[in-house]
Amino acid sequence: MMTLEHYNYWVVIFLMMAGFYILIDSNNLIKKIIGLNIFQTSVFMLYISLGKVAGGTAPIAAEGIKTYSNPLPHVLILTAIVVGIATTSLALALVIRIKESYDTVQENEILELDQIADEGPQA
Amino acid sequence: MFTVTCLAILVVMGIALARAFTGPTVYDRILAVNMFGTKTVLFMAAYGFLTERPEFLDIALVYALINFVGVIAVLKFVERYPPPSAHSDE
Amino acid sequence: MTFIIDALSWVFLMLGCFLGISGAVGIFQFKEFYSRVHAASVTDTLCVFFIMAGLVLQSGFTLVTVKLVLAVALLWFTSPVASHALIHAAYLTGLKPKLTTTRKEAAKRGQS
Amino acid sequence: MSNINLLIDIVLLTMLVFTTVAIIRLRSLFAIVMLSGVYSLLSANIFVILDAVDVAFTEAAVGAGISTVLMLATIGITGYEQKKRRNHNWIAPLTVVLITGAVLVYGTLDMPAFTNPNDPIHLHVAPRYINDSPTEIGIPNMVTSVLASYRGYDTMGEVIVVFAALIGVLSLLGIREKSSAPLHAEPPARPILQVMAKFMIPYIILFSLYVQFHGDFGPGGGFQAGVIFSVAIILYTLTFSQQDAMALVPPRVLKRFAAIGVLIYGGTGVVSMFKGGNFLDYNVLVDDPLHGQHYGILIIEFGVGLTVACVMMLIFFAFISRGDKNP
């Protein structure tokens, strides 16, 4: 059952690559941030998959339970999620400021406007 | 019996997801996402019983709450900034 | 006694699953938005009730039961309100229901 | 992992894959944001199936709640549609992605099998936490004891990162407390929603307090409680108005409390130093080390909850007050 043993990892890689694709291919800054979020969640899922133990249950001690899953990845990812939303909100705030000064959130248009601004004084 | 319930709810979630993908209007997507959220609550409750640790129902409660607030936020947003074409967002 | 309780929860859970699946088929098959909302929202409340009732029968009387009852109460309050708000927003922003006529009515109209 | 759990896991992961494909293909940003809400609900489900209940709790509250609201506020300002691009080259990025993906898949072939209890990750550090923490710290939830006690330094760093992100957002956007007359017509008030919100908000706040203080015994803790508390205020803002919400929880006060939360966390560490222990060593807080751990965890979780709640509310206010300026 080689396939099933690695299914989680492969889905994680697919999600990571999908996020990566959105990040480098998309032209819209908001869609790029969503791609970054997908990339981030795939890392979360990799950690949590690693922490799972066959026959284990959630790491909250109760009577009559012998095997628990590994609590350490859970701790790391729990805080990472909250930090993730904090950094996402910072990115979105930057996007709003970009929209206000350039009046667009399309990457190519922003670059064109930058180029015009650079060449402006000579012309 | 919890197995059957879980699988049935998964089927419902899959169909709701298909409606969320196909649209065609904004409201169809909101409807599908709302239904998906409700079925997630039920799935979580049934899954707790399936694994014989039903004390984690707090998660189901949080889903119910957040889902409601999320749908209200989306609707308020649609009212305030009506989509360019209300009938289809493709 | 356990047999009766088990049988009852089977019945409740299966009824809940049936309602859930019929709602899902409804939102997938109906041609028009308002009928889809109808299918989803009407089945939703009873489906929640049946599934949670089936689970309550299995849990006995513990904190879990209280949480299940709370979840049902929460969903019963929020789900109809969300449906109401959804339809209201859709109607206000200009999505009009398609009013179709049956074949008989159309034929009658044709004659007159 | 029994077969049925594995089956559910695979079905949910497959749904996740389809959702991602739909996100890549759709053009409407609004639909993409809706689907990213579904994406985080699905991933929260997967976390529950992989036994990470605390993580699922956080992901559900943060991903489906706050994240969707902030994304919507942003696309309200920047516009719905992605513009079409001329001579769009998608072959180069796809090639890069496929090559990277192939290398990573090749790397997984040497990975230990999924859920094998003899994986290296399960042989070090973790057994100590699993076997000793219920007696050493005295609380059943191992995630909370690792988060707040064993790795208290890390968590303090994370809280400071969240606080720093708040400072960033505030210096970029700022909050307009007294906005001038709105430039566009306010949507009509909805009596049904308002009655419903009035009814629900106290219970949401009560639930957030339960999550805060029950975090030692079940899933929950400061991070989740803070987010749920801020969701109550977000619901109030959405159903009433921004002015009402800012009168209820004035941003000036929230800013102070966000800083106080971080101070409570750091202060607990300093107090334990004065008592003769190391920084954030709760054993010395009171005479009995077990009680010291209990008090220490309760206090720092309270600090975390306070900071997270205030930060989330302030970020939300910053986003929507900016939206009022540019309709």
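Here the chain labels run A, B, C and D in written order, and each chain numbers its own residues starting at 1.
The rule we apply is simple: a residue touches a chain if its C-beta (ideal position, glycine included) is under 8 Å from a C-beta of that chain, and two chains touch if they have at least 3 such contacts.
Note that the structure is a prediction, hence the values are computed from the model and not measured.
Of the two chain pairs examined here, C-D and A-B, the one linked by more C-beta pairs in contact is C-D.
Distance between chain centres (mean CA atoms), chain C to chain D: 31 Å. The distance from the centre of chain A to the centre of chain B, with each centre set as the mean of the Cα atoms, comes to 22 Å.
Work out the mean CA point of chain B and of chain C, and you get 13 Å between them. Rounded to a whole number, the gap between the C-alpha centres of chain A and chain C is 34 angstrom. Those residues of chain B in touch with two or more other chains are numbered 30, 51, 55-56, 58, 61, 65, 67-68, 72, 79, 83. In chain A, the positions touching at least two other chains are 57-58, 62.
Residue positions of chain C with contacts to 2 or more other chains are 78, 81, 85.
Here the touching chains pair up as A-B, A-D, B-C, B-D, C-D. Of all residues in chain A, those touching chain D in their complex are 4-11, 13-22, 24-28, 30-31, 34, 37-38, 41, 44-45, 48-62, 67-90, 92-97, 99-100, 105-106, 108-109. Only residues 57-58, 62 of chain A touch chain B when the two sit together in their complex.
Within the complex, the chain B residues that touch chain C are 1-2, 4-5, 8-9, 11-12, 15-16, 18-19, 25, 27-28, 30-32, 34-35, 38-39, 41-42, 45-46, 49, 54-55, 57-58, 60-61, 64-65, 67-68, 71-72, 75, 78-79, 82-83, 86-87. Within the complex, the chain D residues that touch chain A are 1, 6, 9-10, 13-14, 16-17, 20-21, 23-24, 29, 32-33, 36, 39-40, 43, 46-47, 50-55, 58-59, 62-63, 66-67, 70-71, 73-75, 77-79, 82-83, 85, 90, 93-94, 96-98, 100-101, 104-105, 108-109, 111, 113-117, 119, 121-122, 125-126, 129-130, 134, 140-143, 146-147, 151, 154-155, 158, 161-162, 165-166, 168-169, 172-173, 217-219, 221, 223, 227, 308, 311-312, 315, 318-319, 322, 326.
Residue ranges on chain D touching chain C, taken from their complex, read 190, 192-193, 196, 199-200.
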